[in-house]
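One chain, subunit A, appears in both complexes that follow, with subunit B as partner in the first and subunit C in the second.
Let's look at the complex of A and B:
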C-alpha cells in the first residue's frame, strides 16, 4: 500500500482517499464544514487547509487526494493562520445566538471556532438578516446562522434523491432555501438537521426541548423497518427527546428516515397501556399482575389456543415464547404477524431506493430463521394471545377470549379481554435480525413505563402457576 | 497539655482568677465596640458582591433570560429548573423558571455562567420561610437588586 506522511507520522492509504480520511486514521483531526464523508466534495468552506510540501499554497484536505510520499503538515503556522482567517470570514455574519440555538453544544461552528478561531473579532458592521421560509413539519430554518456549506443541497441531490434545496442569489446576499419557498417533501428531512454544521436547520420536534449536552446517549438500532438502521437514542430523566442516526457504512451509512427517527414517540404516548388490564362488566379495568396472570393461565389451559407473535419482537423474546408454549401445554399454535402483505422475507424488499423496507417490523428475518410460520387469513381460535413489540399491525381476531402481551395503545387493545403491558424497544435488551441477516443489538435506554414487564417474566409467571397447580 | 495547678491556699480558692476574669469581661463590655446589631431595627451593610436572594434582571419589562440552560448546567446543587418556550416578541424565553431556594447553596455560579446578564443574586439575606420554598418566575422577575 502507498504511504504518506501526516505531521511526521507514516500512514498507509488506499489510492483515491482524501487527506481528511487519511489524517483521521493517523489520529489527526482536520476541521471541516462542507466536507461530509457521505456526500460529494466541493471544497468551498476552506476550513480544512493543510500545507503540502512542494505545493506553493495551502491545500484543502478534503479535495486533495493522498499520494505516495506526500508530506502533509496540519499544524504549521501557515495552516493555523489560514484556518483562523477562514473562521473569521465564516463568523462575519453569524449571529451570536448560541444561548437560543438548539445546535449549541454539538455545533461544528462552535467547536471549530473554539479550536481554530480567534477569541476577538475585528468586524463591527451590521450583520445581514433574513426572513425565513417555513420548511414543513420537520425542519426549522434560521438562515441568519448559515455558513453556506451546501451540505443540505448536496444531501437532497445525492442521497434523498430530490433536489429541493438551492442557493439563490450570490455573494453576500446568498440564500439557501427551498425552490420557490416550498415545504420539504422528502421523507428523510431529519437528516438535514444532522448534517447542518450550524443551527440553520434544526428539528422542530426538538425545538427548545433540551440542550444537547444534557442528553444521555444510548446506541441502539431502529425498529422502524427490516433495514435495522443504527441509531442513537438521546434521553434525559427517563424521557426520550430525539433519535439520531449512527454511522454504519454497511447498513444505513449516515442516514435515517423520518419514520424511524420519530418512531420512539409511541413508547411515551399518553394512550399507551402501562398497567395490566382485565375486562370487567364496564370495560377494561386495571387489575393486579397476579390476577391477570392467573386469568390468562386458566384461559390457555384448555381448548384451542393460538399465540400470535409480532415480528417486531426480539429474537430472545420469540424463542422464549416458542419454548414456553411447549412447556405450558401441547397443542398451542404459534403464528407470526407483522406488516399486512409482507409475511415472509421473500415478500420483503426495498420500499424506496434509499433505506426504507417494505416490512414495517424489524425482525421478520429473525422470526423466519427461528422457524415460526406466518399467519394466513384471520386469526381464528378459542383463545388468542397477541405478543407484540409495538409496531406490528394487529390482524383481525375472532376468538372467545383475547389477551395482548406487549405494547398497545388503549384504542388498539379495546377489543382485548386482557392486556399485559410489555416493554417497548427502547426499554429492553435483545437482538434483531435485519433483512440481510445482520444480527444487531437493541440497548435499553430508559426504564419501563408504569408496571410494564418483559415478555420473559410474564411467561415465567405463567409457568410458575402451572407448576404450582401441578404439585397441588 | 493539662493546666498546671498553682500551689498555695489563695490559689486554691481561685478568687484572684475569678476577679481577673470578671475584669476582662467588664473591660470588653464597657470599653469595646459592640460586634452585634439590634437586628430588626439596625441592618448590616453588606458589600455589593454579597450573594443573597435571586432575581432575573429585566429591561423594559422583558426578562433578559433566553432559557439557554447554562445556569442549571453549572448549578452544583441542581436547584434551577427551566422550561423553554417561544413567544411573539422573543424567540426563546423561559416559560417556567424555578429555583428551589432550600437546595440553593448561594455559590453564585449561575450568575457567573449567565451569558445574558439575567440571573443575579441580590443583597437580600432575609429569606427565612415556614415551608419549602420554590421561587417561581413571577417572584424572580421582581427587580430586587441593582446589579
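Let's look at the complex of A and C:
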C-alpha cells in the first residue's frame, strides 16, 4: 500500500482517499464543515486547510487526495492562521446564540470554534439576518445560524434524490432555502438536521426538549422495515427524546428515513397498553398479571388454538414462542403476520431508491429462517393469541377468544379479550435478521413502561401454571 | 509608436462593414487557414503549431494555449468540447468585444480550427449577458459561415462536422471563471468547481473541455496562416508570441483598445504613445495594469515592459491587459472602496473567505472613508485581505484581496489621513 506522512507519521492509504480520511487513521482530526463522507466534495467552507510540501498555497484536505510520499502538515502556523481566519469569517454573521440553540453541545461550529477559533472578535459590523421559511413538519429552519456549507443541498440532490434545497442570491446575501420557499417533501428530512453542522436545521420533534449533552445514547437497530438501519436511541430519565442514524456503510451508510426516526414515539405513547387487561362486562379492565396468565392458560388448554406471531419480534422471541407452543400442548398452530402483501421475503424488496423496504416489520427474514409459515387469509380458530412487537399489521381475526401478547394500543386491542403487555424494541435485547440476511442486535435503551413483561417471561408463566395444574 | 507595429486585428476594427464574411474572405484570407487544417493537417500538427506560436491565454491567467490543448485526452470515448470564454467581465477590459464586433469570423474560424485540433464536434461561445448586440452580431456571422459551409456537416468535404452555439450569460463576473462558466453553461448556478478535476479532464457536461478566451481563439487562424514560429516572432519577449490587444482607460488623452506586439512596449510608452499622455496635463499617480484585480503600480513603477513575466517580477500581473491610468486627483480610498464593492457584489457566496471577507473589507473601507474607523482598522483590513488571498476556492478571492493589499502597501498614508480625521469624505 502507498504511504504518506501526516505530521511526521507514516500512514498507509488506499489510492483515491482524501487527506481527511487518511489523517483520521493517523489519529489526526482535521476540522471540517462542508465535507461529509457520504456526500460529494465541494471544498467550500475552507476549514480543513493543511500544508502540503511543494505546494505554495494551503490545500483543503477534503479535496486533496493522498499521494505516495506526500508530506502533510496539519498543525503548522500557516494552517492555524488559515483555520482561524475561516472561523472568524464564519462567526461574523453567526448569532452566537448557543445558550438557546438546540445544536449546542453537538455543534461542529461550536467545537471547531473552540478548537481553532480566536477568543476575541474583531468584527463590529451589523450582522446579516434572514426571514425564515416554513420547512414543514420535520425541520425548523434558522437561516441566521447557517454557515452555507451546502451539505443539505447536496444531501437532497445526491441521497434523497430530490432537488428541494437550493442556494439563492449570491455573495454576502446568499440564502440556503427550499425552492420557492416550499415545504420539504422528502421522507428523509430528518437527515437534514443530522448533517447540519450548526443549529440552522433542527428537528421540530426534538426542539427545546433536552440539551444534547444530557442525553444517554444506546446503539441499536431501527425496526421500521426490513432494512435494519443502524441507529442510536437518545434518552434521559427513561424517556426517549430522539433517534438518529448510526454509520453503517454496508446497510444505511449515514442515513435513515423519517418513518424509522420517529417510529419510537409509539413506545411511549399514552395510547399504549402498559398493564394487563381482561375483558369484563364493561369492556377491558386492568387485572392482576397472575389472573390474566391463568385465564390465557385455561383458554389455550383445549380447542383449536392459533398463535399469530408478528415478524416484528426478535429471533429469540420467535424461537421461544415456537418452543413454548409445543411445551404447552400439542396442536397449536403458528402463523406469522407483518405487512399485508409482503408475507415472504420473496415479496420483499426496496420500496424506494434510498433505504425503505416493502416489509414494514424488521424480522421477516428471521421468521422465515426459523421455518415459520405466514398466515394466509383471515385468522380463524377457537382461540387466537397474537404475539406482536408493535409494528406488525394485525390481520382480521375470527375467534371465540383472543388475547394479545406484546405491544398494542388500546384501539388496536379493543377487540381482544385480554392483553398481556410486552416490551417495545427500545426496551429489550434481541436479534433481528434484515432482508439481506444480516443479523443485528437490538439493545435495551429504556426500562419497560408500566408493568410490561418480556415475551419469554409471559411464556414461562404460562408453562409454570400448566405444570402446577398438571401436578394438582 | 503604433506606426512601427505589426498588428493582426486593429486594422480591421472600427468599421461596421468589416464584419461581413465577404470582407473576411477578400481582405483577411478568410477561412484559408481552416481549409489548410482540414485539408491535410492532423490535430497534433495543429496543436504543435499553436505550441510553437508561444501564445499565452488572453483571458487573464496567461497560460500557454498550446499546452492547454495538449491536456485534452486523445483516447477518451467522451465527446470533447471547445468553449470560448466571451464573458469579458474584468473591469477595464473591452477588447474581446471589438473582436466580436468587427472580426467575428476570425473567432469562428479559430473555433473551427481549435475544435478540429482537440476533437470537438460542438463548440460553445459563452458570452456575457450584457453583450446583447455582440451576441446578435456573432450569431449573424455564424449564420453566414453556416450558409457558406464553414460550419455544419462535412466542412470543406473533409468529413469533419462542427456546430457552434452561442450561450448568453446572465451577467455575473464569476461566470468568467472557467468552471463557473461551465456550470452556468450547463444551466447550473454560476459557481466555480473544485479543481482537480480540471476542465481538460472533466469540463462541460463532465467531458474533456478546453476553455479559451475570445482573443486567444481569434489568434489561431493567424497562427496557422503565418506558421507558429512567425507568430511567435511577433512577440518581442521570450515565451510570449503574437500581438496583444490592450484596453486603455482612465485619465489619458485617448482611452481605447490598442494593439501591440507582445513585449514591445513599456507601460510608460503605452500611456504616452497610445494614450497620448495624461488627460488635462495632470500628473500620473498610479496604474492598475491588468484589470481591476491586479495589484496597483505607482507612477515610479511604470518603466516596465508590458508583458506577463516582467509584470509578475514586480509583483503585479498583466491579467486581461486592461490598463487603468489614475491621476493625482484620484482619491485612492474611494477607488479601492469602489473596486472592493465590485468583488463583494460579484462573490458567488459558496466559499467562506470570499463570501464573508469581501463584504467585511467593503464595510471597513466604508468606515474608513466616512471617518468612522479606528486606526487599527487599517491593519485589520490588511489581515482580512490576507485571510482571503490564496485561501479561496477560485481566483475571485485573490482578485478581491490583491487590490486591497497593494493599495495599502503603496498608498497607506491616504487611508491613514481619513482614519486620523485629516481628510473627510466630501
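Convention: the second predicted complex is superposed on the first by the 472 of 472 C-alpha atoms of A that agree within 3 Å, B and C clash if a C-alpha of one lies under 4 Å from a C-alpha of the other, contacts with A are read in each partner's own complex, and residues count from 1 in each chain.
The rule is short, and it goes like this: contacts are C-beta pairs under 8 Å (C-beta built on N, C-alpha and C of every residue); 3 or more make two chains touch, one makes a residue touch a chain.
Given the structure is predicted, the values throughout are model-derived calculations rather than measurements.
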Given the superposition on subunit A, are subunit B and subunit C in a clash or a fit? fit
Thinking of the overlay built on chain A, is A:337 touched by subunit B (first), by subunit C (second), by both, or by neither? neither
Answer with first, second, both or neither: which of subunit B and subunit C does A:89 touch in the superposed model? second
Going by the contact rule set out at the top, does A:172 touch subunit B (first), subunit C (second), both, or neither? second
Is A:148 touching the first partner subunit B, the second partner subunit C, both, or neither of them? second
In the overlay, work out which of subunit B or subunit C sits against more residues of subunit A. C
Touching A:408 in the superposition: subunit B (first), subunit C (second), both, neither? neither
Considering only the touch criterion stated at the top, classify A:99 as touching first (subunit B), second (subunit C), both, or neither. first
May I ask you to decide whether A:35 touches subunit B, subunit C, both, or neither, giving the answer as first, second, both or neither? neither
Quick check on the superposed pair: does A:211 touch subunit B, subunit C, both, or neither? Answer first, second, both or neither. first
Using only C-alpha centres after the superposition, what angle do subunit B and subunit C make about subunit A, to the nearest 10 degrees? 100
Give, as a whole number of angstrom, the minimum Cα separation of subunit B and subunit C in the superposed three-chain arrangement. 26
Would you please give the residues of subunit A that touch subunit B in one complex and also touch subunit C in the other complex? none
Residues of subunit A touching subunit C in the complex: 41-47, 49, 57-58, 60, 63, 81-82, 85-86, 88-90, 92-93, 122-123, 125, 147-148, 150, 167, 169-174
Note which residues of subunit B are touching subunit A in the complex, please. 66-70, 73, 84-86, 91-92, 115-116
Touching residues on subunit C, where the partner in the complex is subunit A: 172, 174, 189, 194, 344-360, 363, 380, 386-387, 390-393
Contact footprint of subunit B on subunit A as seen in their complex: 97-100, 104, 207-211, 213-214
